[in-house]
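Paired with chain B in one complex and with chain C in the other, chain A is shared by the two complexes that follow.
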Partner chain A sequence: MLSSIGISLVVLVLILSFLIIYTASLDLKTPEQIIKKNIYKLSLFQTTFTILSFFTLIIGFINSDFSLINVYENSHTNKPFFYKIAGTWGNHEGSLLLWINILVIFSYLFLVFSHVHGKKFRLYTLIFQNILILGFLFFLLLNSNPFNTIYPIPLEGLGLNPILQDPALAIHPPLLYVGFVGCSIYFSAAMASLLSGYSGKPFAKSIKTWVKISWCFQTLGIIVGSIWAYYELGWGGFWFWDPVENASLLPWFAITALMHSLIVLEKRNTLYSWVIILCLSTFILSVTGTFLVRSGILNSVHTFASDPSRGIYILLFLSFMIFSALIIFFLKHKKENYNFNLKSREIFILANNWFMVFFLVTVLIGMLYPIFLDVLTNAKISVGPPFFNIVIIPLVIPVMLLMAIGPKFGWIKSQNKILYKILFLILSAVMINLFIIYFFGKYSVLSNLIFIAAIFLILYSLLDFKKFINKKNKTELPRIISHLGFGLLVFFIGINHQFSLEEDFNLKIGEIKETKNYKINFEDMEIKESKNFKSVIGNFKLTNLENNFIQYLNPEIRIYSNPETLTYEAAIKTKITSDLYLTMSNVSRSDYYNIKFQNKPFMIWIWISALMIALGGFVRLILKNNEN
Partner chain B sequence: MLTKKVKNRILFLIFIFLFSVISVFFIIKSLNENVLYFSSPSEIKQREDIPFGRPMRVGGMVKKGSITISQKNIQFIVTDFENEILISYAGTVPSLFAEEKGVVAEGKLNDKNFFIADRILAKHDENYMPPEIKEIIEKNAK
Partner chain C sequence: MKISISKIIIFSFVIFFLFVFWRGLKINNNYDTRSLIGNQISKFKLTKLDNDNQYISEEDLKKNTYTLINFFASWCAPCKTEHKYLLNLSNKNKKIKIIGINFKDKKNNATNFLKELGNPYDFVGKDSDGKISILFGIYGIPESILVDSNLTVIKKVVGPIDQIQYDNILKLIQ
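Up next is the complex of A and B:
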């Protein structure tokens, strides 16, 4: 029943896509300046039907309708209500439907909110967006249909992977999807701009808000994913340079570069071709990332069951996208004259773009190298964190310095005399760095430089913030928040990296372990029943040997029945200055429990500063809306 | 005669070109220094040029009944059904680590029969099998 409703709705969306492409191409030839009303109507219907199809699937999950294979494979009757809903996008097929939903919704919103822009440009955008929608609809119907049925109907489902039954992971995919799929609209707009000749400043204005929206959501999505990895995966870290994590970074670098160079296009009416390239590559990279992750080509610790047949389809569609984008770009792009003064803000934005592209290429090479080597020589390799750390981290130093100084320069040519200020702030940063070394311990030359650069950026941003409070120049505020957030992020990650303590050992119940600063007493254990899992809770008494302060930590081993899996829940005590992190695991039911104990300084500040980066973007969006 | 503008442009292009070549060179260089090779127990037995003391990955199935645990570490045998290797590890194992399941260990080779792991890689899905291990098992099951 639900299956036929769902499939009919998806087919309706498909037909509407064809209709929109058809009517829009007819409307292109008419001389009127406004788009026909019926295109709006078709687009509205299309949006309504996609949303309805997604709700149909959600209803399937809520009612545990196991006649749908998708529900049978990913849900269970005794799963908590919240995770029944979240299970809808916690699997490949359901998330693809969410993907299409976002494509369609963005398509409609763009049509409605772009009415000040050229008619041809808007129609072409709509056509390209609907070609994308069609591509993914066919993929959904032919290969990954969430409405496929199973007969005989099973009585019980297989359940959702317990590691996904977590609030952070329930909101992580929708956030990332708004971020990644949101890029589609300026992919289409870039193609439309090339074809219709609607370029320069007006083009920049038309996609500005969309770039910001997807940037905010991508940033937020990546942060939420890291937070989840930190408390759910039990190793105490939050970033591992794993292929799946890298796949999310690639479009982020491209979109960050785009967001900055778009300002140049808007203010100076130059860099048009470069902006177009970035628009196109952001969405292409998003799809590439999805393709690599879903097809199982990349070997990642975050890989969930994958299927190579998906890969072939996405690869074909991807090649089609890249190929047509390249053809249109080379046929239609125009020569531009570049005229930049060395002492101008444009130069700094170009520098930003250079670094972003460099990071992007580095991560891309690191990601693809194992695949090439496997094909060429059959050697199995993986590229670990050391590679990324060596190539990327040193370059963060100049990035932070430029981030601080760049916004001080005016457009075109600047006469700013800020040399003394820079010298003074660098000196202060060096002093603060010496102060940290003196009180907390030494670190390498590179770390010294990173701390100095980070403190320099923080101080500079704080001075800017003080100026903002005096002058209330609203356009500066989002930039200050984001740049300050980035400085703080690097600073706190540095501190955290330098001064984290980690101990691994095995304990029996009743045993005591003494580390350098802590005495850990494994007192006893208790068993608790919850709705869909049983948990074994350990009672650990932690005594801080310096001040005899006593704390209790309770890590859990959760035994889920559907599917039968164990998860380890870390016990985390968060304080303003540090996190205490303890996980307990058990192998082969031996008497020994495997304990991982960590003391991680300033963890909460890492999250706060990362959220500040995203907050800057949201503040910009709100300020823009108020102005209009 | 080239005008000053054209000259500038050519210089600029040469500069950009050199810069990119150097960047890519450094990327590839550090890439080669920092990759982790993956080997099966059989490959470790057979290959003459296995580097000791350099980080690498070993994978296979955890042999049934081979896990022993002491206060300091965990030891277990990884097999590809032809050869096996003893792995010693001090640290937390991922939740899906169990006998007769696939495992990938990262660390250094002590000698051809003994591997000291720094990390056991976590997989999030009980149905998931790393491709390297799948290949080994399929090859040896024939």
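Up next is the complex of A and C:
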């Protein structure tokens, strides 16, 4: 029943896509200046039907309708309600339907909100967006249909992977999808701009809100994913340079570069071709990432059960996108003359772009090199964190310096004398750095430079913030928040990296272990039954030897029934200055438990400063809407 | 469109990338458990965990009726859950030899791990950078591969060995 409703809705969306492309192409030839009413209507119907199809799938999950293979494979009757819903997008087929939903909704919203822009440009955007929608709809129907049925109907489902049963992870995919799939709209707009000749400033104005929206959601999605890894995976880390994390970084670098160069296009009406290239590559990189993850070429925690036929389809569609983008770009783009003064804001934004492209290429090489080597020479290697750390971290230093100084320069040419201020702030940063070394301990030369650059960026941003309070120049605020957030992020990650303590030992119930600053007493253990898992909870008493402050930590070992899996839940005590992190795992055939105890300074500040980066974007969105 | 060298270069790059992706899809089947069964394992040279001068290679496995190659590490929690089955196998069955490959681990931690839980292995080799494991198509641990005296893979277990997998292995080596 649900299956036929779902499939009918999806087919309706497909037919509407064809109709929209057809009517929009007809409307291109009419002389009127406004788009026909019926195109709006078709688009509204299309949006309604896709949303309904998604709700149909959600209902399938809520009611545990195991006649749908998708529900059978990814859900279970005794799963909590919230995770039943989250199960909808926790698998390949369901997330593809969500993907299509976002494509369609963005298509409609762009049509409605872009009414001040050129008619031809809007129609072409709609046509390209619907070609993308068609591509993914065919993929869904032919290869990955979430509404496929199974007979006889199983009595019970297989369950959702327990490590995915976490609130952060329930919202992480939707955020990222809005971020990644949201890029589709300015991919379409860039193609439309090339074809219709609607370029320069007006083009920048038409896409900038959409760029900001997808940037905000991508940034937030990546941060939430990282928070999940820290709280759930139980390794005490938050970034692993895992292939899928890397896949999510690629479009992020491109979109961050785009967000900055778009300002140049809007203010100075130059860099048009470069902005177009970035628009096109952001979405192409999103789809490439999807291809690498879903086809199973890369293996990681994120890989869905892979299926080569899926890979072939995405690859074909990806090739189609890349070739049509390249051909249209080469046919239509015009040579531009760039004439920038060395002391202008444009140059700094270009420098930002070079660095972003460098980071992008580095991550891309690290990700793809093993695949290339495997295909071409049959040798298997893996590229790990050391490569990324060595290549990327040193270059964060100049980036931070430019982030601080760049915004001080005006457009075109600047006479600003800020040399003394820079020298003064660098000197202060060096002093603060020496202060940290004196009180907390030494670190390497490179770390010194990173700390100095980060502190310099923080100080400069704080000064800017003071200026903002006096002058209330609203346009500067979002930039200050994001740049300050980035400086703080690097600073706190540095501190955390330098001064984390880790202890690994075995304990029996009743035993006590003393580390440098803490006494850890394994008092007792209890067993608790929850709805879909049983847990063994350890009771640990931690005494801080410096001030005799006592805390209780309760790490868990969870035994999930469907599918049968063990997970280890870390006990984390978050304070303003540090996190205490304790995990316990059983040592079989003995009464001992393996304990991992970590003291990680300023963890909460890493999240806060990362969230500040995203917050800057959201503030800009709100401010701009108020102005309009 | 005018044809220029830069355009040709860009297009060839793109075609090359897409070609590699396409080939990658095929090669990827090596990682699939099903296609590995019935294939021969590749050549390898494995250094002993506690002695850098001793090593074994695929030739040594030919002497055993069956060999179970098990990938483990002290930091890997699920490895602990499968350990008792490995011990049972090595105690109760003389037909099977077990080789442990210590994956991306520190020597001390691995030695302590075996001291604590017992050592089911007839040989413990080290793979500190994970390169040898890649030869076997390993992408996460624990994983185990059962081979016969012809070096043909007859079973592969991804994830910890449990009661069902244990019974399966016993049945296969009857």
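Quick notes on this one:
Assume the second predicted complex is superposed on the first by the 621 of 628 C-alpha atoms of A that agree within 3 Å, B and C clash if a C-alpha of one lies under 4 Å from a C-alpha of the other, contacts with A are read in each partner's own complex, and residues count from 1 in each chain.
As a working rule, contacts are C-beta pairs under 8 Å (C-beta built on N, C-alpha and C of every residue); 3 or more make two chains touch, one makes a residue touch a chain.
These numbers were taken from a predicted model, which means no experiment stands behind them.
With both structures placed on the common chain, the touch criterion links A:S319 to chain C but leaves chain B unconnected.
By the touch criterion defined above, A:D166 lies against neither chain B nor chain C after alignment on the C-alpha atoms of chain A. Looking at the shared chain after the overlay, A:S585 reaches both chain B and chain C.
Look at A:L507: by the touch rule set out above, it reaches chain B but stays clear of chain C. In the overlay built on the shared chain, the residue A:Y568 is in contact with chain B and with chain C. By the touch criterion defined above, A:S382 reaches both chain B and chain C.
By the touch criterion defined above, A:E266 lies against neither chain B nor chain C after alignment on the C-alpha atoms of chain A. In the superposed model, A:F372 lies in contact with chain C only, and not with chain B.
Legend: residue contacts after superposition of the two complexes on their common chain; A:E336 is shown touching neither chain B nor chain C.
Residues 296, 299, 306, 380-382, 504, 506, 564, 566, 568, 585, 587-588, 590, 592, 594 of chain A touch chain B in one complex and chain C in the other. Contact residues on chain A toward chain C in their complex (touch as defined above): 291, 295-297, 299, 306, 308, 311-312, 315, 318-319, 322-323, 326-327, 330-331, 368, 371-372, 374-376, 380-382, 504, 506, 564, 566, 568, 585-590, 592, 594.
If you check the complex, the residues on chain A that touch chain B are 161, 163, 233-235, 296, 299, 301-306, 358, 361-362, 365-366, 369-370, 379-384, 386-387, 390-391, 504-507, 563-568, 583, 585, 587-588, 590, 592, 594-596. The touching residues of chain B, when paired with chain A in their complex, are 23-24, 26-28, 30-31, 33-39, 55, 57, 67, 69-74, 90-99, 106, 121-128, 130-132.
Per the touch definition, chain C reaches chain A in the complex via residues 1, 7, 10-11, 14, 17-18, 20-29, 31, 77-78, 80-81, 83-84, 87, 109, 116-118, 130-131, 134-135, 139-140, 162.
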